[in-house]
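Look at the two complexes coming up: subunit A is in both, with subunit B in one and subunit C in the other.
And now, the complex of A and B:
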């Protein structure tokens, strides 16, 4: 293996060992909220529909709506790994000093850590898909290998975007004492504008048109739809997502350089 | 090895009065002022030396260390370590240095030290054979073979410091920066760390820069030392020179079995300091007269105990910390 791959792989391994120490913590922080969120939406939409499956809202029957939210949750598992709060803490408490000395960068370290968690979450997502396939009525869950493959691919791209956005917010800690407020702000905006609560078909049309140019729909709505078997033209999806990912990575790079010149390694 | 000229570092700090409203206000308006942490610092440390960096808290020692390792960027001045400019943080440079911080762990807290070592092996691209040999050698020297598979958080401070040291030496660094490596350790643990460093240095000839508040560390390890007070250099030279910085007299303590009439006799010319009941005296005797004066006192007075300064460096340091102006500007 190439040395740089070994570095990444070993970092991922250490992250896994660390996750094993905090299994319960991991479950409660990442998987727990996803499940809770899913069940809240389940009961919310069930009562909105009044339990009737012939009612259509925004083109969705109740079972289609529930199936949509199931896929949103699965997409979330693939995309949204740990947030940037521990990253900010590393900066504020001067813990990044070690990573300024090791011949492995802070960015690489956090990317590898993110990837490590993502791998575990993808396994959980696969288990969820398989168990849904066997446990639920086939109506709830479309199971087409092609759309699953494309859906996973788009979700992985979106996963990188989500990492980059969180990384950027995390390193704002060079200036701000508390970055979690921004992070929560981004999360709430994402939940709403990504279609994770209400599918985008129910949004005003002009708003949706604008939203398509932002990264939000690609976090939930688009991958969930693809996983369900509705494949949109892929070029704009990949194009817009890649643009935002690269754009944010570039800004992170500039912010990092500027931040480092201010860094005082407090508490080191 | 380490070479700097006119090195400066200013920190911008802002004051925030306590309270939430003030926090809100500080988002929009901050009153900054500059603090000069390091002031036109020249340093030259040749290869293979162990040099002590001394100074009171907040003098700028750690700031210097941070600049030497490339963690923070100097405000002005030139700095070369091993021929590299540290703030560029090239990987080739980073592979040749190590930093050990006594009050901060660099290991993974929740995993055994060996897991961290494996990670570092990859980061520093150490071959498996080299790595194994290195781990065996160092764990043997430090006597830590039995604790490498225990979670770091369960180790005692002394044990943790040893594995901490070990982790930063795996890649055979050419320059090692030790920031208070013995802080908080008991006497035996301190001695163990010192002995290890002496042995390690003898074996590898690496260059070591060490800060410590324990003069015993400096006395045992360093051949030369640099004193920094308020960000500027006040002394740079051998330990011997440092000991004689405030005069070359020897400090001798005498205890007597009964109070002494101290009006006349040898006392006054040697700057005598008496205790309250005149049973103990501290004299500053010029080195040449040492034998003669001591003999005289021993034979003429009821001396029950006497001793000379065990660590003159500690006394000099203490005097300088109390009266920094005695050190004078560095020539």
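And now, the complex of A and C:
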């Protein structure tokens, strides 16, 4: 393996080891919340529909609504794997000094960590899909290879956006003592505007038109709909997601450069 | 005996006064974080209320409640959340670190109850200001629902009872960190339980609802007092809530001692 790739692979291996040491913690932090969130939505929507499958709300029957939320959960497993929670601590406590010497940059290190997590979460997502396919019958999982492939591709693109956004917030620690409030704020907005709680068809029309220009719908609603077999024109989807991903990456680069000029290497 | 109790209460109040002052001074040193905390909480409150509004734009009732009744319930739960965020939330996140680093030793040495010192040591003054918002929403929907004078008088006490039950349960759960290498994942379990409790009992199926009203009575936190407010004849869950508060604060004493017995005191 080329030395450049080897560095990435070895960092990923270290991340896997770390995650495996605290398996229960990983489950409680990442998988548990998704399962509980899904269970709440399942209960809530079943209650809203009163158990009747012939009723339609926003164009969804009960089984379509439950199917939608199942795919939202699966898309979330792939997309929202990055947390970048340690990033700000690294900066605040002066731990990034070592990255300035290493032949592997701070961004590369965190990107490799993100990829390591991503691999695990993709495996978990695949296991979930297969389990649901056999356990819940075709009622909730319509297994269409083309939709699955496109859905996974869009989810991976959205996953990169999520990593880039979290990374940007993390490196704001050059100026802020705590960045977790911004991360949680972004999560709250994302859950609401992405259609993770309520499908966007139920939102006011004008609001949805505006939302389509933001990255939010591409984090839950769009990937879930694609995975369900409703494939929209892909060019705008990929275009808008790529724009936001590149834009955030560029801002991160500028913020990093500006931040480094202020960095005092605390503890050195 | 009575004199002794009063002198202990006085002692704890004087200690808490010191805690309040220290936390206010600290938060004034990190003003941006202070404002971000307020903003984060407000985003959460607004998204929770907006979600209900959007759903009710498409349905008449959810379960047995109309829009105003459910919004009043959600506002009540946000009121409990605001109290938790203000008085104890920070402590839950710091607790695993106290155990892991052995800093809990210094708390155990103090001539004051360790549970009090661990869980009530950190106050978030920013979240305290959000009381204006949560109480504003509670009062607004309370007025629409024509609450009686008795209801208005009972409301603050019911809110405190909800806060006591929620945190007794969460503190018991947090004690499991004594037996874990990395306990931060337990905080996500706590948050998931809060998510479950944030919806009325009738949205869950009978078995789940029964479990969450008895064995792990998180649904009593909001559903019991609100059902009692809406219909005074529906007092049984409210009685259960009172018993659950006593039971869980008792269990906390026991579990805390058990946890301390297995605490390895890393710094010693």
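A few comments on the model shown:
The working rule: the second predicted complex is superposed on the first by the 266 of 268 C-alpha atoms of A that agree within 3 Å, B and C clash if a C-alpha of one lies under 4 Å from a C-alpha of the other, contacts with A are read in each partner's own complex, and residues count from 1 in each chain.
Just so it is clear, a contact is a pair of C-beta atoms (placed from the backbone, for glycine too) under 8 Å apart; a residue touches a chain by one contact, two chains touch by 3 or more.
Bear in mind the structure is a predicted one, so any value in this text is a computation, not a measurement.
Subunit B and subunit C, once both complexes are superposed via subunit A, clash.
Legend: residue contacts after superposition of the two complexes on their common chain; A:10 is shown touching subunit B, with no touch to subunit C. Legend: residue contacts after superposition of the two complexes on their common chain; A:231 is shown touching neither subunit B nor subunit C. In the superposed pair of complexes, A:265 makes contact with subunit B only, with no contact to subunit C.
In the superposition on chain A, contact of A:97 is made with subunit B only, not with subunit C. In the superposed model, A:156 lies in contact with neither subunit B nor subunit C.
In the superposition on chain A, contact is made by A:22 with both subunit B and subunit C. By the document's definition of touching, neither partner reaches A:132: not subunit B, not subunit C. With the complexes overlaid on chain A C-alpha atoms, the stretch of subunit C that clashes with subunit B is 25-33, out of 7-15, 25-33, 205-213 or 241-249. Comparing which residues of subunit A touch subunit B with which touch subunit C, the overlap comprises 21-22, 177.
Residues of subunit A that touch subunit B in their complex: 3, 6-7, 9-11, 13-14, 17-18, 21-22, 94, 97-98, 100-104, 177, 260-265, 267-268. Against subunit C, the residues of subunit A that register as touching in their complex are 21-22, 24-29, 32-33, 36-37, 39-40, 43-44, 46-48, 57-58, 176-178, 181-182, 184-185, 188-189, 191-192, 197-198, 202-203. Listing the residues of subunit C that touch subunit A in their complex gives 30, 32-33, 36-37, 39-40, 43-44, 47, 50-51, 54-55, 57-59, 62-63, 180-186, 188-189, 191-192, 195-196, 199, 202-205, 208. For subunit B in complex with subunit A, the residues that touch the partner chain are 11-12, 23, 62, 66, 69-73, 89, 91, 94-95, 97-99, 101, 104, 106, 108, 110-111, 115-116, 118-125.
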